[in-house]
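I have a structure I would like to understand better, so I am pasting it below and will then ask my questions one at a time.
We call the chains A, B, C and D, going by the order they appear; numbering starts again at 1 in every chain.
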Amino acid sequence: MPARAAVMVAPEQGLQVWELRAPDLEPGSLLLETVASEVCGTDVHLWHGRLSGVPYPIIPGHVSVGRVLETRSVDRDALGQSLAPGDLVTFYDVHEVCHRCWFCLVARQPNRCPQRKVYGITYSAKDGLLGGWSERIYLKPGVKVVKIPPPLDAEDVIGGGCGLFTGFAAVERAGVRLGDTVVVQGAGPVGLSAAAFASLSGAEKVIVIGAPQARLELARALGADLSLLLDESSPRDRKAEVLDVTEGRGADVVIEAAGNPEAVAEGFELLRDGGIYVIAGHYTDVGSVTVNFHHAVNRKHADVRGQWGTEFHHLYKALRLLAKYKERLPFRRIIGARYPLERAQDALQDVERLRVTKAVIAPRS
Amino acid sequence: MPARAAVMVAPEQGLQVWELRAPDLEPGSLLLETVASEVCGTDVHLWHGRLSGVPYPIIPGHVSVGRVLETRSVDRDALGQSLAPGDLVTFYDVHEVCHRCWFCLVARQPNRCPQRKVYGITYSAKDGLLGGWSERIYLKPGVKVVKIPPPLDAEDVIGGGCGLFTGFAAVERAGVRLGDTVVVQGAGPVGLSAAAFASLSGAEKVIVIGAPQARLELARALGADLSLLLDESSPRDRKAEVLDVTEGRGADVVIEAAGNPEAVAEGFELLRDGGIYVIAGHYTDVGSVTVNFHHAVNRKHADVRGQWGTEFHHLYKALRLLAKYKERLPFRRIIGARYPLERAQDALQDVERLRVTKAVIAPRS
Amino acid sequence: MPARAAVMVAPEQGLQVWELRAPDLEPGSLLLETVASEVCGTDVHLWHGRLSGVPYPIIPGHVSVGRVLETRSVDRDALGQSLAPGDLVTFYDVHEVCHRCWFCLVARQPNRCPQRKVYGITYSAKDGLLGGWSERIYLKPGVKVVKIPPPLDAEDVIGGGCGLFTGFAAVERAGVRLGDTVVVQGAGPVGLSAAAFASLSGAEKVIVIGAPQARLELARALGADLSLLLDESSPRDRKAEVLDVTEGRGADVVIEAAGNPEAVAEGFELLRDGGIYVIAGHYTDVGSVTVNFHHAVNRKHADVRGQWGTEFHHLYKALRLLAKYKERLPFRRIIGARYPLERAQDALQDVERLRVTKAVIAPRS
Amino acid sequence: MPARAAVMVAPEQGLQVWELRAPDLEPGSLLLETVASEVCGTDVHLWHGRLSGVPYPIIPGHVSVGRVLETRSVDRDALGQSLAPGDLVTFYDVHEVCHRCWFCLVARQPNRCPQRKVYGITYSAKDGLLGGWSERIYLKPGVKVVKIPPPLDAEDVIGGGCGLFTGFAAVERAGVRLGDTVVVQGAGPVGLSAAAFASLSGAEKVIVIGAPQARLELARALGADLSLLLDESSPRDRKAEVLDVTEGRGADVVIEAAGNPEAVAEGFELLRDGGIYVIAGHYTDVGSVTVNFHHAVNRKHADVRGQWGTEFHHLYKALRLLAKYKERLPFRRIIGARYPLERAQDALQDVERLRVTKAVIAPRS
């Protein structure tokens, strides 16, 4: 049975709905019926052609939730839970690190493995149903599939999306400790998740800087103690506010999830001496910024840490905590709108124009 | 008996030799006869008035070696070794952290204590013999004095000078591990020391970038495996060289000890993905640099760490290792020239013009 | 005006109420009117003479809350907040680390400083009002006094007592991470606090093993997800339970707060391979235990960490979080009974016989 | 062409030399001609049947050096170096971690992966040439083969053997820092390697405790500063000696490589407060020991760390450093004797009776 999919045929060209042949299942593979797939900022970058080496035409959609339709010699999920047709699952979009290169073997840093493949980004539509904006998704042998733990449903998980575990990774990278004051720059999916997990880590104060107001309300619902609206404040105002709640010192931790070079200059101003600054929002080239390393880093005795991508355990732990704290972490509320495949182009535009925090492709809707 | 001292009366004015009254010893204090005191890059900055809050007139000279002349209710050094007149000692120039502020008590980061006082920098000549360019030095109660362990003599210690433990601190901050490739940017006293201690930490390769040639020879004598002469190579050449010896990846650790903003831009180019970059050479404001945080930090999953000043244990451990590895760590060879008090102005100029790697004031010479 | 104090004149002799002379305030000192002082397990050990070097007669009571009666040249608390007569305060019972020994200076580990003095333990009643079981407490110059932050009152703080920050220290030492499963052995004040702060750190599951039932109810009120009653289960049962909730692996972190050698043998059984085991409850010699280091440590690739005492920042951060999470952390409920000075002996007995979780001396009651 | 191999047919039965069929090479596999294979303490344990789940008959020999005879679709080693028949190689004996279990994926701790397979231990002779005491070794697809870097030859590498990277792993686990005093308990291959790498890490003092005298001489040749002969000293003497060279404090780091429970009790006595104790020598069950956790761990604020097995990067980094420091690290001198296949039984006995530090099977000799 063929599957319909929204295909990005080339940068800045209108998305098309294609009918694609159903795959033959290799041993170790699964076929999912897509329930929901997220539209993330990366998809906007993909549409503008800002990532290199993308094999257009592609089926976008890296984080998705689906129901198992068929399996071939697979009866366990990535962690050994029994798995059968009908189960609601998600999967780790990063596939096929090589376990053989210097980064995998010596540095133990698979997020820089050159063989890394990502669903919805590094596969061509010609290679098969390897993206989530499709009625069905083919999970190649070795893709890490995870049964969604109760009481979570598809909306909880896709509401978090890839931001859920990217934010988790940023908080883990920062090593947020009990009693810390944490500033999060940005209130998109990554920033909201970082705020939520910083709060869950026992931070004394979590401060989110972002826009628009609706996102800041989400931030507070997810655990932020204070939010500062970008449009209505200057960097000077925001610095005054952060110093005010930290007895003049600045934040113990700042997490950049803004994707804006000016945010980095501001972030250093908000950081206390000896603080930790995680750069998590610069996953594409958004330009440069001028920094005085005497003031920002050396004299401040600062720790600045890039967080590139994620690893499987970020997804796994974030999901487990989401299952435990479903009420306290209402990520499902981030979803702003649901789109059928035919309206994938509208979804991209709404995300780019910040009309919705999180757009979701629901192929069956 | 009065003591003669070289006094920096005000920025950019000729140094003067003053005769200063001998102090009355408070309980817990010592009086030293100065054997040697270093002329460091900071002294050049002091002369140009580049540090704020300096109470001119001052007696420069923060790291010194002296012989104990007199003690008052003191018979042990900072670590409990017996101490008596005639002993050869050095002392930790950073005095009087408060043990009471948020940085001392909560962050456990005394290098950012606002009460920190430094010999030769934050005391006025009117306060007494509190700098090393003087025939005698008064060690106030609580100054951490350390007997120089055998087989070291004054030249070994002053040859290392404050660079000895600043370089040690940079290597400790980097957490250099067995088998690392380490690039050190800068071949002044801090860079040379960083190269020496990186080598001593079991780095597989230590590469020093600097000038002039004589300093690179010192670098190799102290343990560098490779040195790259700044004047005869472009950043592109140097990057090619570092990639060449790291199978195309870049260095595990880069230590900036250059005091030059362009070095920072270059440093990111030399760092491997997932590497550690310590900024140790920007202890004064030498200007800004433009950085692309996508390439340099986020995508690279980099760790960037400022190292501000030192703590006592850096001095202590560096000295112990110097005593063990006197032959392998010929820091005494860094000393380029010795000056009597009357020629302190010449010493400053020779350091500024890079005529000598390390100049030493020897009041009795 | 003299002050009445409950004095432990010698081990295993009846406590006496003495009238002691009011002190003359040295510069930098304060006098408090005691509101409440805790009776902790250490006081029971003191009464039995189990600690060495105690200068009987002593006024017990190391953690206390008081109201400032009088100050001498002090107008700020340890963190710089304004301080005046009438303010409600607590203070850090560990006083006078030397800042000069190898442990203070080189290892940066003041909890092993040989000069450490502790209120209520290492001072004689002849030295003054240096323990909390007294109408008034004399805070010597340098004692770290902290204003109790709103909305906390005396009961919140003394309910936590020294267990509050000892438990905090154990959780910090364990480095509890988001999503961890944490087993706490013991449901006394330290165990309850460890459970509370492990939960606050974002642990996925906190399991408390202890007795009696009333303490386990407190544990759940403070954040434990599961509790196992010692009296009604065997070590085999408890291991089965822990394996059951960890998919057969064991806990990521185990914190020993039981003060019982058999607990250590059991703890290793409950720990997963690669897990972290903090030994925090063996602060007196309670005997030995037989361990197979192949199974328990080497093959398990375990991390075993002793936590000795606390540092000031543990108190400070624990108090700040208590102020933020007053509702979520109802430590005041731990208080089982309040005793006037005359009944201090009864308080000791009730603690020893586990009749109350926390007994409090309230000199004015 | 068949290959002769020394086969351990069952525990405590005489080894036999079998002729085994040459394998057909699967894609991704290699065939080596064995140059040398080590006889390690584990082989003695295997012969006594002390490890569970061993599929006798087996071909022992986990660490080996060979020359590439034949390859099938392989032209690179594990790190991407070109590889061809005739090259001298070693390989990582631990094969086939699953990359799929909780330990591989979530804990990132592949040394506890239940799927781990080890050459010479977990494969039956019926499965093929999967051990080193054989004329030829079959490297299954995925086995990590490494070209021996110049100027090393087979004797350098096999002299280090598996102890080379086990000792490296222990030093890495200890996090030995510049200036540390390190005690190594045991002077077998693991202890000698730990001493060598501790010295290479910039320890100020490395002290080896072991026997017989010949091994202590090797220890000093490899970098130990001091050695204490087990037979001629009591635990009390050794403690006195260690306290004497550490100003009464004990060692910063102790590494257990003795495989003896009493060594653990002694190790705690030799460790300073706040020190780090790595248990690396208890890789089989050698019995239990009684420990007082108040004195040994809690009051001492100790860190006790098990090191189970190794990871590939330990082998890789140890080899690179061995190549750099061939002169300083004369591991080849550890080899005591070489045995042809027919004398494998003698080799086992000589190792068990400590007649040689390292025995080597040389099938062609």
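We adopt the following convention: a contact is a pair of C-beta atoms (placed from the backbone, for glycine too) under 8 Å apart; a residue touches a chain by one contact, two chains touch by 3 or more.
For clarity, every value in this text was computed on a predicted model and none was experimentally measured.
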Worksheet entry | Shared chain contacts [chain A and chain B, defined touch] | C, D
Discussion item. If I list every residue number at the interface of chain A and chain D, are over half of them used by both copies, so same, or under half, so different?
Written reply: same
Worksheet entry | Centre-of-Cα separation between chain D and chain A, whole angstrom | 42
Worksheet item: How far is the middle of chain A from the middle of chain C, if each middle is the mean of its Cα atoms, in Å?
Response: 41
Response to the item:
Multi-chain touching residues of chain B, meaning two or more other chains, are 79-80, 102, 107, 247, 317
Response to the item:
chain B contacts chain A in the complex at 102-103, 107, 109, 111-112, 247, 249, 256, 261, 264, 273-274, 279-295, 297-308
Practice prompt. Please give the residue numbers of chain C that touch chain A in the complex, ascending.
Written response: 79-80, 168, 171-172, 177-179, 197, 200-202, 204, 247, 317-318, 320-321, 324
Worksheet item: How about chain D: which of its residues touch chain A in the complex?
Response: 78-80, 99-102, 105-108, 144, 311-313, 316-317
